Amino acid sequence: MKSPVFFLVWIVVAAIVFAFGLYLKNDYFFFAGYTVLQYVVLATGWNILGGYTGYVNFGSAAFFAMGAYASVVMHKVAPLPVPLLIIIGGIVSGLVGLGMGYLTLRLRGAFFAIATLALAVVLQTLIVNWDFVGGSRGAYIIRPNTLDIAGLQIPYIEYLFALMLILAVCALTVARIVERSRLGFGFATIRDDEVAAEACGVPTLRLKLMATTLSGALMGMAGAPFPYYIGYLQPSSAFGLEYAVNSIAMPMIGGTTSWVGPLIGAIVLGTLQQVATVTISSAVNLLIVGLLLTGFVIIAPNGILGLIHKFRGQSDADKVGRRVIRETP
Amino acid sequence: MMTAASLAQSPASSSLLEVEGVGKRFGGFIALDGINLSVAPGERVGLIGPNGSGKSTLVNCICGTLHNETGTVRFDGHSLNKLESHERTYRGIARSFQLPRPFVTMSVADNLRVPLLYAVHTRRGRHLTIEEADARCIELANSVGLGAKINKSPKDLTQIEMRKLELARAMAADPKLLIADESMAGLSDSEVGEIVEMLIKLNESGITIIMIEHIMRAVMTFSQRLVVLVSGKKIADGKPDDVIRNPEVERAYLGQ
Amino acid sequence: MNGMVQTLVRPTRRALLAAAAAVALFASGPAHAADPIKIGFSMALSGGLAANGKAALLAMQMWQEKVNAAGGLLGRQVQLVHYDDQSNPNTVPGIYTKLIDVDKVDLLVSPYGTNLMAPAMPIVMQKGFTYMGLFGVGVNDQFNYDRYFQIMPMGPKSAETIPDAFFAVAKTLNPAPKSVAIVGADAEFGKVNADSARKIAKAMGLKIVYDRSYPPSTVDFAPIVRAVQASQPDLVFLASYPTDTVGITRSIHEIGLKTRLIGGGPVGLQFAAIKTQLGPLINNMLGYELYVPAPTVKFPGIEEFVAAYQAKAVGQGVDPLGLYVPPFIYAAMEVMGQAVTKTGSLDQKALAKTLHDNTFSTVVGDVKFAPNGEWEKPRVLMVQYRNITGNGLDQFRKPDPYVILYPPQFKTGDVKEPFQSK
Amino acid sequence: MGVTTDLFINAIIAGILLGGFYAAVTIGISISFGILDIVNIAHPAFVILGSYIAYLLNVSLGIDPILASVVALPAFFALGMAVYQLYYSSFEKFGQEALRGLAFFFGLLFITEVVLILAFGVDYRYVHTPYIDTTLHFGFVDIPLRMLVPCVVALLLVVGLIIYLGRTFTGRAIMAVAQDQHALKFVSADPIKIKRIAFGISIATASIAGALLIVIQPVEPSVGREYIGRVFAICVLGGMQSLPGTLIGAMLLGIMESLTATFYGPSWAPAVAFGFLLLTLAFRPQGLFGR
């Protein structure tokens, strides 16, 4: 499938989901759905760096929060429509990603992961001490009840939900394009063996910077509309541990090598968490994430995607090969 | 398709690779101590030395995996000192690794495709079409006898096949200079013969080759010239038969 | 292309199944008049606020039991519909829309604490619900919602109440204090109170000799206390969270801090666990309380309630004293119940009007709301802890350890200075 | 003596005391992450588990928490061996430890935390010992035993481990694993067994570190998270494999936090410490004391 076709197909899927929400006449669908979609974007963003290049980012929450706080700043300086804020949030977090990339260029494996953790702490401390955005006191972002688009009064949450839907489709499309392009090919060589990749002519440092930037930008975009969703933004909730955990757990559970993995992981785990919140309703919620994560990495190292491949009995080549050469040589 | 031979036509300079006073230390340990080495286009050079003599460090300094602290590495008349590893690959240096380092999540074909999409692509400044790339992958795989395994995972390959993949991938970058770092370790006698034959064939197509090896039979069959490193210093350089009779070389090998 | 057709067609059946499941998840039956009245809320039953959340839930269940035994409200039984928000604000918007749209609750109560109350506000406002707030500070300052009410007796200017009380006591010192140090936690409560304390101190003409906040992850408070000591303040205003309160109190004694008056807003001293852990170390510190068993504070029914709560609290892992949170949560429910009965319906607008227009008598005394939904007058007790010996729990059930210094109508003694670290 | 010097000296001493405790929490990471190359980010959760065990023994039997942690050492050692076995057979054996191993320990962190929450609730727990309320005074220097005792115990722990790793056969084998796994086979030692023992020791240190933590401050199940960043920071600063380096790194971080808190404002302390780590990683990835 060509990328534009892919995009259109998924926009249609998104439209159906949205129409379904309208049919339900139920705000809960939009609120819960928003959270799940937000995780789709976040997990997809994380996976571009973590899944494609194999660099584990523990600081997803910081990127998410930078997007959210960019919106808070804009809200105070010059209120803009949310779609623009998403772009601004993407730029800010993309730049943070680029900076992180430069700072950690020569770090590999666990050192990189620890550096991202440190970066998150430093950024959170900066935000906590920055009174303009509310500091540790938090910032109130009062959203209107409805949005007037061409005379139509659209409930604000439906607007946010629709934006998140479109953003999710964009993120998936970007992830898929990257994955199937020369760039994605290069990312995969970095994941497998960086020294060998260099020897094959892959400019690994430049590619890593592109991955940190792109991944950061997507995660920032996921965070940009968040202040309008939550209404009251505090550093501790913007930098919430759940973002760091979920953005890692979701791709790992879904499968990290393809754009489908984070999507599956985010929908499965995100929905499960939403359901658990209103059913089991206790610390068990966190236990589910922990058990699923550990269970999956032990039993199904390639996530749900890997299980599907196994179930369908796909040949080894189909699993490992991006392009299978069919003609007999 | 452009042949490797046509690429190997080097400009005016008489030597393809020029290593001048290259030094490298790790902490207090001197790995390379002012190495000088010059390799002419089309030459087959064997590089030997005991373990820890600095052979791999020298290869890494030439390929850019490590950066030398003193001296200069020149290729085709240009200094490589400030270039990253991948930029040296564009210029025409390719290597195989001592321990094979295939991209394990990719098929054999995709392993071969990486240098095509990066090194060759960048050098040419244009995309290879899918068909061109596929054709070249098949050609490369066939040339090392991996044609039947083209869609397999590297994990399914035997040790010699892994070595062959390593060489084929290096060749995919269309190099002028190939550095084969212990391509035969752990192989049987017949397999060693097979690889040596392959390397000689490549050289005959115009590619300059430096071979690092412990297996003396292979070294003696292959090399037109032999260079010996001991404790980070070059102690001999010349015709293979002369070099192995050099008393200093004998001492270095037998004295330990 | 074959693959594409496949991917387009094959999931359809699954998608239909999923849609059906989703409809089931989001659907709800119609309400009947004989159905119970549903009161919905999210509560922190796990996470950092769970200790308070669990105590609050217990108080609510006590109220529910009592009301239902007496025939319910408007002739209907009362049902509590609640979810665990995990002390995580991000779960709150989802939970409240579920309560409203799916569970179709009749009345709403807030989660516990400012951070968790605020995210529900936009939804509550959009749906026009009357919102009974539990232990939040200044939430409505931003939203100005006329159906918002708050049971915590902080008064209309809720952010200033605790510092006000502290400095009111400081004013009674003779000679008058000249300097103050302000130490606050880097989080909402600490920040809000430190800001107000700064403002009030400036207005009083006090010299602010130390003014710093510390991050919640601080382990060792000695450097902070030492820096405070070095600035030689007459007063030290604290706005700290439970672990920090313990760390700071220990450091104060370890370093031998010398000052005339210390305390104000150390969160944690209200709870049995911290009270018993610190024991005599908190002697002469000033802390805020909402209710203590002192002779001047005798609301009808409070002693019975506390006794009943303490009996139930055993073995539930909640605060065994229950002086701080439970009575007020219980009172919030009493207020809601009385308002419903008085209004005679569940109409949210009428309910809000009833709440604004009337005074309600509860276990924490008479409650009257100001236009912004806070108590009309603040009623926070500034207490100096005294006579504490050892780490026993029972002493805290008696009036002896508490000397109420402010407000004047509840006063049980005079302030004792200077603060002596041992 | 001026107030500033007075403050400065006290800040340094407070930093050293704090650093000693940090060293105790980190030493396990230095073994698992530094020597064995196992990124056990769940280590702080094991430390909290240690706190709760110490708490339980202290409350029910009245044993001193630190003594209690020594009693619990074998259990923690066994737990560590079991965790390593699972880790080895699921990941290390297949050479897949990088990403999945990290995720595995991440999951373990949550499981431990939630199990503690389910068992003990989220209330802060604390212990009683006579020394918690005692302070030594030397002129203008005050040394609370609440901080001194953990620091001394931590020092003993670190020194003990240094001696163990340097002087015993198993200890040397553990250090050899760090250099070259295959080399071990020449002395007919099973590298997996050695690593299992080493990981067991690493988790066993969490028992003691946990007891020290609950002596210093009240504990609830999720406070461990606050240490994840710090311990890795210290381990990296200290140069990974070096236990003395860990001790110095821990002291350095403690002093840095303490000085920032005293003179500049405590709210910047984490930024200073972690900013320092970031810069170290960016410009000297081998750590301050690594080669």
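Letters A, B, C and D mark the chains in the order given here, with residues in each chain numbered from 1 onward.
Just so we're on the same page, contacts are C-beta pairs under 8 Å (C-beta built on N, C-alpha and C of every residue); 3 or more make two chains touch, one makes a residue touch a chain.
None of the values given here were measured: they were computed from a predicted structure.
With steps allowed only between chains in touch, the distance from chain B over to chain C comes to 2.
Central chain (C-alpha centroid nearest the global protein C-alpha centroid): A.
The greatest centre-to-centre gap from chain A, using C-alpha centroids, is found for B. Note: centroid distance chain A to chain C, computed from Cα atoms, is 35 Å. With centres taken as mean Cα positions, chain D sits 32 Å from chain A.
Between the CA-based centres of chain B and chain D the separation comes to 46 Å, rounded to the whole angstrom. Across the assembly, chain D contributes residues 117, 267, 270 that each touch 2 or more other chains.
Those residues of chain C in touch with two or more other chains are numbered 46-47, 186, 213, 215. Shared interface positions of chain A, defined as residues touching 2 or more other chains, are 125, 128-129, 283, 286.
A list of each chain pair in contact follows: A-B, A-C, A-D, C-D.
Of all residues in chain A, only 182, 185-186, 188-189, 191-193, 195-205, 257, 315-317, 319-325, 327, 329 touch chain B in the complex they form. Put simply, chain C touches chain D in their complex at residues 46-48, 50-51, 54, 186, 212-215, 217-220, 222-224, 226-227, 230, 242-243, 246-247, 250-251, 253-256, 273-274, 277, 281, 317, 391. Chain contact summary for the complex, chain A toward chain C: residues 1, 9, 20, 24, 26-32, 35, 125, 128-129, 135-138, 140, 142-143, 145, 155, 157, 229-232, 234, 236-237, 240, 242, 274-275, 277-278, 281-283, 285-286. Residue ranges of chain D in contact with chain A, taken from their complex: 33, 39, 86, 90-91, 94, 96, 98-104, 106-111, 113-115, 117-118, 225, 228-229, 232-233, 236, 267-268, 270-271, 274-275, 277-278, 281-282, 285. By the touch criterion stated above, chain A contacts chain D in their complex at residues 50, 54, 56, 103-104, 106-107, 109-111, 113-115, 117-119, 121-122, 125-126, 128-129, 241, 245, 248-249, 252, 256, 283-284, 286-287, 289-295, 297-298, 301.
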